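Below are two complexes that have subunit A in common, paired first with subunit B and then with subunit C.
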Partner chain A sequence: MSAQFEFAAAPKARTPYFVVSPRRVLSEILSKGWVESTVPFVAFLCVIFGVGLTSHGYFTIDNLRNLALYGSDGGLVVLALFVVVAAGGIDLSVGSNFAMSAFAALYCFHVLNLPVPIVLAASLASGAAVGVVNGALAGLAGCGALLTTLGTMITVRGVYTLASQGQLVAISSSARTDEVWDWIGSERVLGVPVNFWALILVAVAVLVMFRQSRFGWHVLAVGGNRKAARHGGIRVKATIFLAYTLGGVIVGLAGFLYAARENAVASDTGVGMEFFALTALVVGLGGFVPGRGSTVAVLIGFATIYILNNALLNAGLRGDFVQLAMGAILIVILSIDTKFRKHKHRLLASTYVDPVAFEVDAVAGAKGLLPGEIAAKLAGADILAAGLIDGPEDVILDADDHLFCGTRDGRLVRIAAPGYDEVETFAQIGGRPLGLALDREGRILVCVAGMGLVRVDRQRQVELLTDQTQRSLFTIQDDTTIRMADDLDVAPDGTIYFSDATKRYDIESWGLDLLEGRPNGRLLSWDPKTRKTRTVCDNLVFPNGVCLTHDGRHLLVASTWTCSLLIFDLADMRAGPRVFVHGLPGYPDNVNRASDGGYWIALAGMRNPVTDLAMRFPGVRRRMTRAVAPTHWLFGNLNIGGVLKIDAAGRVVDAYWDEPGGPLYMITSMREHKGALYLGGVTNNKIGRIRLAAADPSWTGPASYWGKAER
Partner chain B sequence: MTDATANAAVPMGRKARRSLLEPIVLGVALALIVLFSTTIPGFASLGNLSVILSNSTSLVILACGMAVVVISRGLDLSQIAAMVAGATTFSTLINAGLPAAAALALAVLAMALIGFVNGWLIAFVEIPAMLATLATAMFMTGLFRFGVLRGDYLLILPKSNPAVVFFKSDLLPGLTAPVALMIVALVVTGLVLRFSTTGRIIYGMGDNFQAARLSGLPVRNTIVFVYVYSALAALLAGLVIASASGTVDFRIVTNGSLLFEVILVVVLGGIPLRGGRGGVRNLLVGAALIAVLRNGMTLYDFSTQTQDMLKGVILMAAIFVDNYLNPRDAETDTAGDL
Partner chain C sequence: MTLEGVLGPNNRLEEARGVPVEAPEAVSVGADGRLLFSSGAAVFALRKWGEAPQAFAQFERPVTALCSSPGGLVAVGTLGGALRVCDESGLTVKGWAAPELAAVADALFLSEDELAVVDHGYTADEPLLSVAPWDDAARGKLVALRRDGAPRVLAGGLHCPMGLARDGGGALIVTEFERARIVDSSGETRQAGYPGYLGRLRKTASGYLMTCLSRRDPLVEFLKTEKGFVDAMKATIPPRYWIGPRIHPEFSPDFPIELGATRLFGAIKPWAPSFSYGLVIELSDALMPVGSAHSRADGRRHAVSDAVVWNGDLVAVSKASGELLNLGPTGAPA
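Right, the complex of A and B next:
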């Protein structure tokens, strides 16, 4: 063929350096995991500023030390409740348990005159005992946690009052002093009260437990979804039991520290503590959230409530007002949290699709070849492997004439020549295999949506070559993962060029990318020598088929939604793409070489004037995705499509259309091989074949790329 | 098929799934009566019976409200706070010289508002019932102590006020006003549960909330109704308690033991906490046990703490047995289902 293409003469294709959209920023922030943790942090800052502004000299070293000294046991109780709540329970008995443990410590120290380590052990045991009862009833027996712990709360309070009434005099009249006891109660290490060190230690232990330990993960799993945890083989009941017991032990430690500091208990010790701890926890977690192990957030919540509480009392407000304030805070945070949690995904869904005005070039260059103007040649295609495969997005034939294609269930299958009626699984890959290519050694390279770039050698060994690229600048969402690897080709030097069609949608929702009409895709390369992945060109509009030109110097990339073909210069990829063909009558998918020096372009569907018009009005599309059921969306015409033949200069020279009635639908790929064209379609369950009268009957793809003498 | 479904939908007509707890508790109560009659002189007298009756009026009235909430698969932990708040509102108003009827009307409005807020938070904001009522209990107690009592725990009622006198008086010979009010509360609760459309919806919600919602029943409004009902029951109980003692004492909120007894009455009577089952008869059985137990323990001269302790143990045993007799479906319960 005589036609030649002048790269330098083609118009440059516009690819933006970055995409700015407030809606996208919002939706990407919303989809971040840390969004919910901002609530306690903001509350904390508000309280700090509020207190700092209204009371003079609050944040002095002395006062902070005081706060640390008196706050530690409260902090421990919050952590105890946190452990229980993380496992999906609740513990109202922490206040009574706290008083009981403090009493146990005082009794052992002042009345029984036991050494301090044993006193500590007694406190912990007292706390653990209540935890064991709670755990046995709420965990092992599966009773309702709230009522069970309400029961232990009342019972333990009764026991505590009975026991302490008899011993108060003996405790308060005891003159025993002990160095270790006093050191624990009131000394400082490195300027920080011993009490507070205990809180720090426990907090770190809990943090490590939830992050690193098997038990911690089990607790979070059980709290997150009990059924799933059970089905995952976690011993749910034992885990809940242990969580309550651990909570009890931590409360026991808090009681011990309190006893060492105060040397006294009163009838109202620990009364209302469960409400305080619950409020702190709800503020910290931004709601009542089982199965979340964010220790730091809980500590921030505790600090917020503790400082607020303390500052309100300092300001001369009475306990009843503090109670009122705490109740109000609890209600407000619970309300915000429940509503936010419920509507977050809706907000996300309604902001995620972010259409932009988008002009598609008018249909050009295919006059006289459009559907209806010529016969639908694909209606008479031979059908191969009908019903034996599912979704061959791409097809390829090797030097021995065997046919390969990917299937929807993640396999690469081989359909043996010459009958092409037996299908065998060549390799189990997983993901959704799409584009295929053969390298110099005859290995099959596969683009797998949801995975990345995969290589299958002749021994059927599957190797994942890459699944990530560099992160692009100015993005909130981490886009290092290759989301929808679509098609590829191999340059003469072995570098693999492949397209990542969209960074924002998974393969099931590729249609939304059309409605968005933004440049969400990118062209990537993988270098076999360095095994490095590089983003060659970012911000392309749905880059789909990739094909090396016959001379091996340029690379064709189909840009589906712009209905055009871009061309890159392999010698200077940085210069960006130029437009090779524009104004196609349909949406181009894969592009492959033809035996006469031209190229085949699969058109998955046809443009229609309504969709083209809608592309110019982003508001219409956005409202449509929100208000109209997906089955009624305006979309391209997928009932008809086919294959276009272009020459080396990009002029359309022939067209093979399918018919709405089949037998082939939505052609996404075609390969010429020995005078026939093999056709694959992403939704087909068969492969089509038509004879090409004018084609070179000996031409094959592998020979065209790597020469006939190979292998 | 249609017959079977129709039968299953009638909450009172069930036979196979009747609570086993009820006969057990009834047996225990009878055994206790026999035990106390033989060991405590004067227990089985008519005088003691009327003491038991009048001592348990407020408890039964509260339990009426709680039962309705529990049957709808909710829980009202703010009931005692509402009771005290209601009594405070009423007392403050008559102390301020308002006629009793006006004070009562305002107190009813205030309590309906409190119940509405509870119900609204649960039905429309969708906060889990336990957390919502826990929070409103805190808020309400704080609000009334701060705003009305100015930090005090106690509010003294004028004993000579005709309204106060009415709540202590005998309506008929042998029938005191509190007992009459208790009977009224029981009858109204029974009628609402058994014969009203709302009652049917309450059973439906308790049995299967999602099914009730998806079949188009007005579940949200019913939730609001249930909590308003509970708050009004609390007001009635508050008036009875306050008139009897001449004071409104906020400490019964903080020590939690009355709330506990109310739940005890409901659970012991055989109304499962999962909701959907039970009725006024269960309430009576539960109340009988608690009243007899309370009376007996007092006659034995047990201290309040010992009584609390014993009742705590009994509640835990009851929860355990209830759980055993009405087990949760392990496949459908999720975390947060407290």
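Right, the complex of A and C next:
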């Protein structure tokens, strides 16, 4: 074919540097995890301002130090309860355990005269012992957490009362002093009380545990869904047991710090503490929510309750009135939070789809070639492997004429030449295999939606090459994960170029991307030498098929919703794409080489005047996604598709259609191989084949890319 | 708009016996017991199901309505709003003046000397199915004509009336295509909320037969609230590409689909949303549905324009498949 394409003469394609949309910003912020803590945080700020305005000198350094000094052990108890609740349990015995641990510390220090480190160990052991009992009963034996810890709460309180009454005189009459003991009890480091440092350290440890550690993740999994965690192979009972034990140890530490500060215990030590801790937790988490590891939110909840309680008492209110006020304020905070969460989901659901006005170029260059205007050349196609495969989005033939395609159930299958009637699983990949390519060594490269880029060698070994790229500069939502790897091709230097069709939708809801009409996709590259993934061009409109030009110098990328083909210069990818073909009569999917120097374009569906018009009305599309069930959404006609043939300069020269009700309707891929064209469709269960009368009968794709000498 | 209960989907229309007829539109049972049916500009008569039809009458333009009187008269409406009255042998009876009508959608003899006609108001060159859903103007009317007398408008301001029947008390009731409701001559709604775009209404011994030209569609109903979009569609796109109910189930590259209508493995899902559908609803005396016959999204006997009870059998006309269908004895299916 003599036609040549002049890259520099083609119009530049518009690819924005970033997408600005208030609705998207809102929806992305709403889908962030930390939004969950908005109401507790606002409540905290209200309490701070309220207290700051009503009581003079509350937020002075001295008072803050005092608050830190007396609040730390309460904070630790909240964290202990938090760990247990995160695992799906509850611990009512924290108050009794706290008193018992404090008593253990005092007894060891004043009566037994043990050194402080041993005292600490004894205190921790005392707390852990209660935790172990709770864990053994509620976790290992499967007794109810509420009744178990109610039992230990009463029992430990009884033991504590008996023991403390017996030793109270001995403890209070002891004259032992110890530097370390006093340092822990009342000294400061960098202006902050020592026991507050302990709270900070434990809080950081819990935070890291829930974010980074295997145990922390297991705890959250068990709390979130015990059954699913068990099915996931997590040792559920052991995890719960350990969570109770860890909670007990933290309570033990709190008791120790209390003992060091107060040097005394009373009969009411720790009484009502479980309710205080539970309240703080509920305010922080916005309810009694197992399986959530928001440490910061819990600390905010604790600070809110602690300061509120403290300020009300400071203001000279009577204790019972403080309780009444606290209860009322808590109910208000919780009900606002519950409403907020409920509406947050609704708001997110109604703001996620974010359509934009979008002008598709008028149909051009295919006059006289549209369905009905020419004979339906696909009507006489051979049907291969009918009913044996599910969803061959792409098809490819290797040098030995065997046919490969991906299936909806995550397999790469081989259909053996020459009969093409036996289907064999070549490799089990997972995800949704879409585009295929062969590299120089004859290995099959697969774009897998939901996974990334995968390579299957001739020994059928599956290797995930990449599933992440660089994060875009201006995004709120982390978009490093490759969401819908769609099609690929290999440059002469071995670099793999592949499309990530949309960053916002999964394979099951890709249709929403058309309704949105925004540049949500990107072109990525993977370098085999460095094994690095790079975003070559961001903000493309549903980049789909990728094809290296015959001269190996340019890259064609189909932009499905714009009904056009873009072209990149491999020598200067930074310059961005230019428009190769525009105004196609349908939605282009994969693009592949033809034997005569031109290209084949698969049309997955046909555009039509009403859908094109709807693209100019973003409000209509947005309201439609809210008011109409998805099955009734207006869409391009995916029940008719075909194949276009273009020459090397991008002119449409031929078209292949099936009859309107024929079996080859939504064509997503086609490969020319030895004088025949093989056709695949993502919703079909068969592969079509037509003989091409004028084509070179010896031409194959692998030879076109890698020469005949290679395999 | 959902099809549930007695309106639940079945395949009665698909399974019915059928006789191919070119461009059928209306059927009527003559006074002599013959079944009259239109085929393009001709009317044929059938003595018994399975026999060859006999030519009854031939007209210049396609037939749009057909009705018979107990005394043996047959009224025939043709495209463009013309009306002719024939006797039992098919010869034109003189004296029935043709009033000024845009179209004759349906007709009914009130007596041997008086005829009621519904005019939906759309001329022959306006594709009614495309246009009517997006038209707010109520151009339809119900007209009574007497032999040798001036026409009398019984009701105006009807929105695309398509069918006409007498209720149990003898009052005239009219189906409105796009409003999917039945109104009487005073314009009062008798029953609304049917799941289809309504066609003709025929009195039977136990109630009524009502045909639907298509199923009502949530997308079309939604777009009716999008005035800007619809105005742009009307202004820039030829009516044949407009979204709306259709006669034929065929796919066209010029016409959109609804997302759920995507074929799987090449097959059309029977439950897929579709712009064409075959539906006949049996109504009680109180106009409540008591039975239905369907041709679903994967069927071809869509756009049922008329149905009558003939010799105890339900006979319907499918415009999409070009067939006269015999569904067997009437009555709600078991």
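Everything below uses one rule, namely that the second predicted complex is superposed on the first by the 477 of 711 C-alpha atoms of A that agree within 3 Å, B and C clash if a C-alpha of one lies under 4 Å from a C-alpha of the other, contacts with A are read in each partner's own complex, and residues count from 1 in each chain.
By our rule, a contact is a pair of C-beta atoms (placed from the backbone, for glycine too) under 8 Å apart; a residue touches a chain by one contact, two chains touch by 3 or more.
None of the values given here were measured: they were computed from a predicted structure.
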item: Which of subunit B and subunit C A:680 touches, first, second, both or neither; value: neither
item: Which superposed partner A:666 touches (first subunit B, second subunit C, both, neither); value: second
item: Contacts of A:255 with subunit B and subunit C, given as first, second, both or neither; value: neither
item: Contacts of A:144 with subunit B and subunit C, given as first, second, both or neither; value: first
item: Which superposed partner A:511 touches (first subunit B, second subunit C, both, neither); value: second
item: Which of subunit B and subunit C A:328 touches, first, second, both or neither; value: first
item: Contacts of A:371 with subunit B and subunit C, given as first, second, both or neither; value: second
item: Partner chain(s) touched by A:631 [first = subunit B, second = subunit C, both, neither]; value: second
item: Which of subunit B and subunit C A:154 touches, first, second, both or neither; value: first
item: Touch count on subunit A, higher of subunit B and subunit C; value: B
item: Interface residues, subunit A side, partner subunit B - complex; value: 88-90, 133, 137, 141-148, 150-159, 161-162, 165, 222-227, 230, 271-272, 275, 278, 282, 288, 290-291, 318-328, 330-331, 334-335, 338-339, 342
item: List of subunit C residues in touch with subunit A within their complex; value: 217-219, 222-223, 226, 228-229, 232-233, 236-238, 241-243, 250-266, 268, 272-273
item: Residues of subunit A defined as touching subunit C within the complex; value: 370-372, 387, 390, 511, 585-586, 606, 608-611, 613-614, 616-617, 620, 623-624, 627-640, 660-663, 665-666, 683-686
item: Of all residues in subunit B, those that touch subunit A in their complex; value: 75, 121, 125-128, 130-132, 134-143, 145-146, 149, 151, 254-257, 259-260, 263, 267, 273, 303, 305-309, 311-313, 315-316, 319-320, 322-324, 327-328, 330-336, 338
